[in-house]
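Just below sit the structures, each encoded as C-alpha cells.
The following pair of complexes shares a single chain, chain A, combined with chain B in the former and chain C in the latter.
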Partner chain A sequence: MSDSSTPEMVTIEVDGQELQGPAGAMLIELTDKACIDIPRFCYHDKLTIAANCRMCLVEVEKVPKPLPACATPIMEGMKVFTKSDKARMAQKGTMEFLLVNHPLDCPICDQGGECELQDLALGYGRDISRFSENKRVVADKDIGPLVATDMTRCIHCTRCVRFSEEIAGIRELGATGRGENTEIGIYIEGSMQSELSGNIIDLCPVGALTSKPFRFTARAWELVQQPSIAPHDSVGSNILVHARGSQIMRVVPDRNESINEVWISDRDRFSYEGIGSDDRLTTPRIKTNGVWHDVEWQVALQAVADGLRTTSADQLAAITSPTSTLEELYLAQKLMRALGSSNIDHRLRLGDVRDQDSAPAFPGLGCSIADLESLDAALVIGSNIRKDQPILAHRLRKASNAGAELHFINPVDFDFVFSVANRLIIGPAGMVGATAAVAAALLEANGKSVPADIRNLCTASEVDQGAKAIAGSLQQAPRSMVFLGAIAESHPDYSVLRSLACTIASECGGQCGYLPQSANSVGACLAGAQPHRGVGASTVSDSGRGLAALVEGGMSGCVLLGVEPEADCDDPAHVIAALEDCGFVVSMHAFTTETLEQVADVMLPIAAFGETSGTFVNAEGTWQSFSGVVPPRGDARPAWKVLRVLGNVLDVEGFEYESSEQVRDELHRACEGVGTDTSQHGNCYTTALDVGLMRVADVPIYSTDALVRRSPALQKTGDAASFLARISHAQAAQLGLSDGESVSVVQGDARQVCTVVTDTRVPESTVWLSCGTAKAAMLGASIGPVSLEKGSGEGML
Partner chain B sequence: MMNAIKNYIKSLFLLELLRGLRLTLSRLFRRPFTIQYPDERAPQSGRFRGLHALRRYPNGEERCIACKLCEAVCPALAITIESEPREDGSRRTTKYEIDLLIVETRIFEYHFEERGKHVMTKEMLLEVGDKYEAELAADRATESAYR
Partner chain C sequence: MAEQSTSYTLSETARTEIDHWLAKFPAEQKRSAVIAALTVVQSEEGGSLTTPAMDAVAAYLDMPPIAVYEVGTFYSMFDLHPVGRHKISVCKNISCMLMGADDIVAHLQNKLAIKLGETSSDGRITLIQEEECLAACGGAPMMVVDGHYHENLTIESVDSIVDGLE
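The block that comes next holds the complex of A and B.
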C-alpha cells in the first residue's frame, strides 16, 4: 500500500470531527486512529478487506444507502455519521441477521467473556429474538490438535480463510456453499500445515475457532495477564501470558510492529503446556551410590560448591543452553571465570570452530526484523527458516510478495510459504561448492579475478547455472542480504560458508547476517558464555575450551545449565560419553531426564519459562526483559538466584545482586560499544568434508528446546519429530532400497534401525534424518558421513 | 431549676421503671409470637434460599455446564469451579465447591462438626439436588408464573 511518493492528504468529517488521511485509505482506518468506535467483525488491519460482515455500515452524506466503513475509500469533503439513526438502524439490522443462525448459548461457549459478537450484541442486538424458525447446525471440522472448532457459531467473517491465504501462505481453509449453506472448512481433514495456525484463534471474532489445549479450562475474567517474551526462537516475539493462580493457562500474542506484528508461532503459543510436565524437577537432588535422594537447597548447594572446589580449574567446564536468560548466562560465566576456568560454551549445535576468533561479536541478523520486508533479494544458506523462525519467514514472505527474489542453498528442498527464485538443493559437501560458485559468479560479474581458494571449492558444476542466476539477482538488487541458517551453523564447514557468504555479501553491496536458532543465542555471546570471548564479546587472554574440545576429554567437573545433552547438542552421543567420564556433573534444569539422571551427580531445580525474570537479546540485537508470571513449582528457584547464592557459597566476590535487573544493568554497561558488524569473517577456504553419502539433519520445529518437547499438543501435530531416513528415489534405486524398508543407519560406531522413505526433496548422496528423537540422538553429528545397510543388522530382533 | 426538681421526683418514685414494666405486663396477656421450633414450623416460601444443590435434567445429565458465571458473580468468593472437556467433548466441571456461608434451597437445617467440612463438593451438591429434585422442580413450577 505504501508508495514511495507521499500520497495526497484528504480531509473528511466524521461525526462532526475533522480527520485527515491519505487518499485511498479506508474510512475505518481513520476512525480507528481517531478512536471513533465502529463495530466490525470481518475487518482486520493485517488482512485484506472482505466487507462481508456488513457490521461497519455507516451513513455518508449524499449517499442513499449506508456504506461499509472498511471498504469505503475516503474522499475530500466526505461527511460521515457513525451514530446517526440510519447508521444505527443498519448496524442493528446486521446484528439481528448475524444472530439468526448464531447459537445463543454463550455460557457453554469457550469464547464467552472475550467474544466480539457477545460484546457487540450487547450494544446492537435486540432484547428478544424475532426469529422463531430453526437455526442451522454445521458439523464441526477436525483441523488438528491445536485449534478446536465449533462451526455452528461461525458468522462467515472469513478472517481465518484470509489469514491462511495471505499470512500463513498456505490455502488450507475455505468457504464452500452459498447463503445459509456457507461453511468454513479445511481442505485436508485432521491437521493444519501452517506453523502460525494458532493465530486464527485470536482472529476468530466468535467461538468457532478456539484453543484446544485451553478448551473449557478457564474464563477470560479469571486470568491475570502479564507481558513476556517468547523463549523458543531468536525473534523474541512479544507475548502475553495468561495465568490463573499459580498456573499459566495460555499464551497470546502482544502487538509489536517492529518484531512480531500481531502474530506468534504455534510453538510460542502452545509450549506453556510443557511447564507442568511430569518430569518437572521440584526439589534439589543428590546421587549417592547411584541412588537419587531429595535434599535441602543448603545441602545441595554445599555439595555443588565442594565438588567445584575440588575440581582443578582447567578441568572445570560449564555447558549452557542458549535458551537461558542473559542474567543466567552472565552469572554462569562470571562464576566459571572467577573459579579460573574459561571452559564455558553455549554453542551446542556449532559444527565448526576454526574461525571463531574472527567471527562477528554476535551472530545477529545484520538488519532489523522489519527491514527484512524491504529487501529486494536475499540468499539464505542452510536454513529451514519457515520452521526455524516462523515470524522471520513471514517477513521474507512479505518481501517476496512485494517482488523480492529469494534464493536458497539447502541440503533439503524444504517447503516454503513464499516463492523461491532460485534454489540450489545439494548435499552438505556440495553446499560449500554451490556457495563458492555463487561467490565466483559474482566476482566474475564484477570483473574481478576469482581467488584460487574459491575457485578450488567450486566442485559441483551442475550448480553453475543456478549460481550465475543468484549472483545476477543479488548484484542487481539495491538491497540484498546473505543469511546463514541453522544447518549452516552445524555444518562442519561453517567457517568456509561464513567466509564465502561474507564475500558474496560484500560483492553484491549487501550484508551478511545470521538466523540464530535460540531465544538468546545473541545474548549468550554478549554475556560471555563462550570460551574464546568474555563479556561483551571482548577478547580474553586465557581462551578456554569449547564444547567440541571438551567432548574430546579432560573434563572432570561440569555445570550443565538448562541443557539436556541427548536433545540439545549437535552430537549427543559424544557429549553424553564425555559427561559420563566426567567426575562431577551438576545439572541446573527445570526438568529431569533419564540421561541427566545417569550422568549428573547433583540436580538443582530451576524455574522454567514464565517463572523467572530475565532478558533475551533477539536476532536484531534488541534487549527485551520480562518478569516472572507465576511462582516456580515446588522448591525450584530462578537460576540467576541459584547462581548468585552459589557464588556466595564459593566465596566469590561480586555476587551481591538483589535483583535480576542489577545483573542485567551491569552486563548492559559492559556491552556498550560492542560491534554490531555481522560481516566479520576469517578467510577459511579448506573444506573438512569428504564426498560420499552424508547425513543431514534439521532440528524439527517442536524439538528445539526442553519446553516444546514436553508440550503434548505440539507433539501431536504433523511437525513432531520422526525417525525416518529420507533419501531420493535415485539413491534408493542405487542402494537397492525401497520405500518403507528397514535399514541400519551407521554413523561412526553408532548403528540404528530406521525406516527408509523416498522423498523428492532430498538431493543425491544425502540421507535426511532429523534430530529430535531418542534414536537419532544415539547417532552422530547432524552432518557427517553415513551409510545405510540393508536388513535390520545384528543385535536387533 | 424546675427540671432538676422534676427529674428528682421521677427517679425517687421509679416512674420510668414502672412505665417499662407496664409494657411487659400488657404483653404478658397477649398471644405469643414465638413458635416451638423445631416442633412447630413457620410457613416457608417456594423462593426460600437454603442449602445449595446442583440439579440434573430428567435424563440424568448434570445441568451445570461450567459457565462460571456464579463463580464470577458471588460476592463472597465462596464458589470454586474448575472445568475441562469431558470425554464426550462437552463442557463440564471437574470441581465445583461451595464454601457454605450462604444457602440456596429450602433446606436450612444442617451443621458441620469439623473445620473444613463446610466446603461442599460437586458430588455432595448433586446428591442434595437428586434428593430434593421433586421439591425443587415443584417450587420452580409454582414460581415460574412470577419470573
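The block that comes next holds the complex of A and C.
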C-alpha cells in the first residue's frame, strides 16, 4: 500500500449495514472494526493472510461460492451476508471438518476455558460427531523449556509458523509432511531460539501450544487479571498479570500499539516465576556477631535509623537498582539528600563517568518507540539489541524490512534477526577508532575539516572503508539515528564514544539516542538517583560520589536498594570488597543472596514485581504507573512505604505520603520541562583504554536482574549465561589454544579457570566472556585487559 | 549461529549440478532450485535424504533449514529413511486402479514378501508407500521404476521388469 496518497474509499454492505473502507482492505478488517462477528482461526491482524482455516467463509451477493472474509478485498457495492443460511452452512461445515481430527477432550486440555476452537464449536459445531473413523494422533515435540506442545490438537492455522518467519525473524517452525500427515514443528530435536517465542502461545487458537511453566496449574476462570508494566528492559511492555489468590500464575501481553503492539519478550512473560523463589526474603533480619536473626520491623527500622544517623554524611551512600520504581528511587535519594549525602547512584554498569555533567537530562531513545520503524538509517554502537531490548529490535526489524539501512559497531558479531548493511566488528579499543572513523568520514563528506581530537582517534585503519559506507548511508538517509547500547555504556571510553556519536548524529542531521538497559534507567535519572544531579536531573551544588568513586574511596554506611552486588554491577568483585569494608550496610531487597548475607548488617524485605504499586519511565519517556496485583510475601512491604517510614523514624521532613501516587505526582511536578531531548553533546576525546588482549562482556538476556535470574524456565533456555572464553580461531592459534581447552583467565588480580571456545563472531585481540555467572563476577569489569594462560588448576605455568 | 556443525558437505559434482539448476532462476530466488537440489543429493546418497544433507542444501541455497525439511517431507519422491537399490512406485489413482493396479500391488507384495513402504530383505527393492496419479493414464496400469515409466503393465511384464533389477 502506498502511503503517499490516501486510498480511494469503497462502500459495501454487510448484513444490511453500510460500511466504508479503503480500497484493497480485506472484508474482515472492516467487519472487525464494525464489531460484526465473523469466526476465524488463521487470520491475525499482525500476520500475513493465509486463508487456510476457511472458518471465516461468508456469502457475497452474485458470487456462487462462499468466500473467506480474511482474503476477500472489498469492492464497491459489494453485498455481504455473514449470517445467511449459506454462510452459516459453510462455517458449520468448516467446523465439522476441523473437529474431524481434533480431540474432544477439553476437560484435560490446558487451553480449556480460553480456547478459540472450544468457543466457536459452541456456536458452529454439531452436538454429535458424524465422523466415526479413527482420529489421527501426532507425537508431541519438545521445542524447549517455554512452550509445551500437544500437536494432536493442532488445526494447522499456521499462525505460529507465520509468526516465526514474519515477526520473530527466525523461520524455525514449519509444516512438514502433507495432507493428513501434515505436522507443525521444528522437525529436528532442539529448542526454539527466538526471544519472542512465547507469543506463539497466545497466537495458537487451540491447545497445541501452551505455556510450559503455567501448564496445568490453573484454569482461566480462576484467574484475576490486572494490567501492569514489564519490569525488565526499557520498553515497558504493557502486560496483563493473571493471579489466583495471592499468587501470580502467569503474564500475558496487553495491546499497546505505541509501545509493544501485541507482543512481549519471553523475559517479560516468564520472569514472574522468580517471585516465589526459595531465597525470597520474607522477614526483616539483623546480623549480630555474624549470625542472622529475624526481627520485628520496628526493631529493624530503628537499627537502620541508628546506623544511618551515626554515619557521617560524606561516608554515607545509597546504591540503587535501575529496576526500582520511580517512587522508590525518588524517596531513596530524598532521604539521602536530607541526611546530607549526595552519594547516590543507579548507574551500576556505567564504565566511564568523565563527561557525566554534559550527559542529557533525559538519556532515552531520542525518538518514540514507534518512530524506530520509520527510520531510513541507523548506526548502533555497542549493543546486542536483539537480546537486550527484543521489542526495540523488532521495531528496527520492521524498519529494515521497509528498506532502512542498519549499521553496527560492535565488539562481537552478534546474531540479529534483521539484515545489517554494514558491521564494523572490532575489539573494545578499536570501537573508539571505528566510531571516530565514521565521524571523520561524515565530517569530510560534509566538506568540514576533521578536528585533531577526532583525527587522533582514527587508529583502526582497517575499518576505513566500512566507516565511509556507514557515513554515506547516514548522510543520505532522510531520517537517521545513532544509538549507544549497553556495551557502549560499560565501555571505559563511554564518554569518548558518546562524544563521537553526538558528532555523527549532528553531522548526519539525526539525533543521538540511548538504549537504556533497565525498566527504569531513565526514570532513575529523573528521580535524582545520581550523585551529580538532583530531581528532574537538575544540577546540584553539592555533587556526590558515584558508584566508581564510592568503590575507590570507600564508605562507612550504605543502603542497597534492590541491588545484588555480585550480579548487578559491572565490576562486582570490587563493589563487594568496598561493601565488606563498609561499616554498616542495609540491604532492601526482595531476595537474599550469599553475598548480601556476607556484606549486609540489616536486611529489609521489600515487595517484588507485582506486589507493589509504582511507575516506570520507559526509553521514549512515557510514564507508566501500575498497581500491585498480589500482596507482598510474608512480612515484606512495598519499598516506597519502607522508605517513607524510615524518613519518619529519622525525623526527616516531607515524608508524610499516603500513597505512591502522591510521591509520583510530587516528582512529576518537579520534572515538568525536562522533555525528551537527548541531543546534548559530549566533549571528551581522550581514551582511557590500552591496546592488547581485551575482555568484552555482554549481560546475557536472562541475567539482567534479580527476577529473571530466578526464573527456572528461562534459565533452562539456550540464552542462559555460560562461563566460556570465546576467541577467534586466529587468536586461538596465536595463543596456542584449541577449542574446548581449559585455561586460566586472568583479569587484574583475579584468576578463574575457564573453557576456551573458538567463535567466528569474535574479532582479534578480544576475549568474549559474558557476565551473569558467579565465576565471571569475580573477574572484574566487563571491558578490560585480560590474559589467557595455558593449563588450569594448581601448578600452572 | 556460532558454527553450524554440518557433518555433511555437498560433493563437487552435486554443487556443479545444483549450480546448473540455479542458473535457471533469478539470483535472489535461489530457493527455486530446492527440489532439483534435493533430487541431486538424494541420488548421490543412495536414494534417501538425511537431515544433515538437507541442512547442507539449506546452507547452499541460503534457505532456513525448516523450509527445506518442509519440501523434503512433502514430496513422495523424497525418502527420509534408507531405501533399497531400486524404488518402485505403482500408481494407484483412478485410471490405474480401474485397470488393475491393486492386483499389481498385491502381486509385488507377494513376490517380494514386503508391504508398501518396506524394503526387501536383500536390500534390492523398496516399494514406495503411496503414489497418486503420475500422469500416464493412457498407459494404465503403470509404475515408475527408478524414474523410468513402465506402462500397460501385466503380471508377466511386472515380473520381467522386477527380475531384471539387480
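Rule of thumb we're sticking to: the second predicted complex is superposed on the first by the 787 of 797 C-alpha atoms of A that agree within 3 Å, B and C clash if a C-alpha of one lies under 4 Å from a C-alpha of the other, contacts with A are read in each partner's own complex, and residues count from 1 in each chain.
We take it that a residue touches a chain if its C-beta (ideal position, glycine included) is under 8 Å from a C-beta of that chain, and two chains touch if they have at least 3 such contacts.
Computed from a predicted model, the values in this text were never measured in an experiment.
In the superposition on chain A, A:D759 makes contact with chain C only, while chain B stays out of contact range.
Counting the residues of chain A that each partner touches, chain B and chain C differ, and the larger count belongs to C. Once the two complexes are laid over each other on the shared chain, residue contacts for A:A175 go to chain C alone; chain B is not touched. Of the two partner chains placed around the shared chain by superposition, chain B is the only one that A:P107 touches, whereas chain C remains out of contact. After overlaying the two complexes on the shared chain, residue contacts for A:F216 are found with chain B alone; chain C is out of touch. Interface residues of chain A facing chain C in the complex, by the touch rule stated above, are 165, 170-178, 186-188, 415, 757, 759-761.
Contact residues of chain A toward chain B in the complex are 106-108, 110, 112, 215-219, 221-222. For chain B in complex with chain A, the residues that touch the partner chain are 65-69, 71-72, 82-85, 91-92. Residue ranges on chain C touching chain A, taken from their complex, read 1-3, 51, 64-67, 69-70, 72-74.
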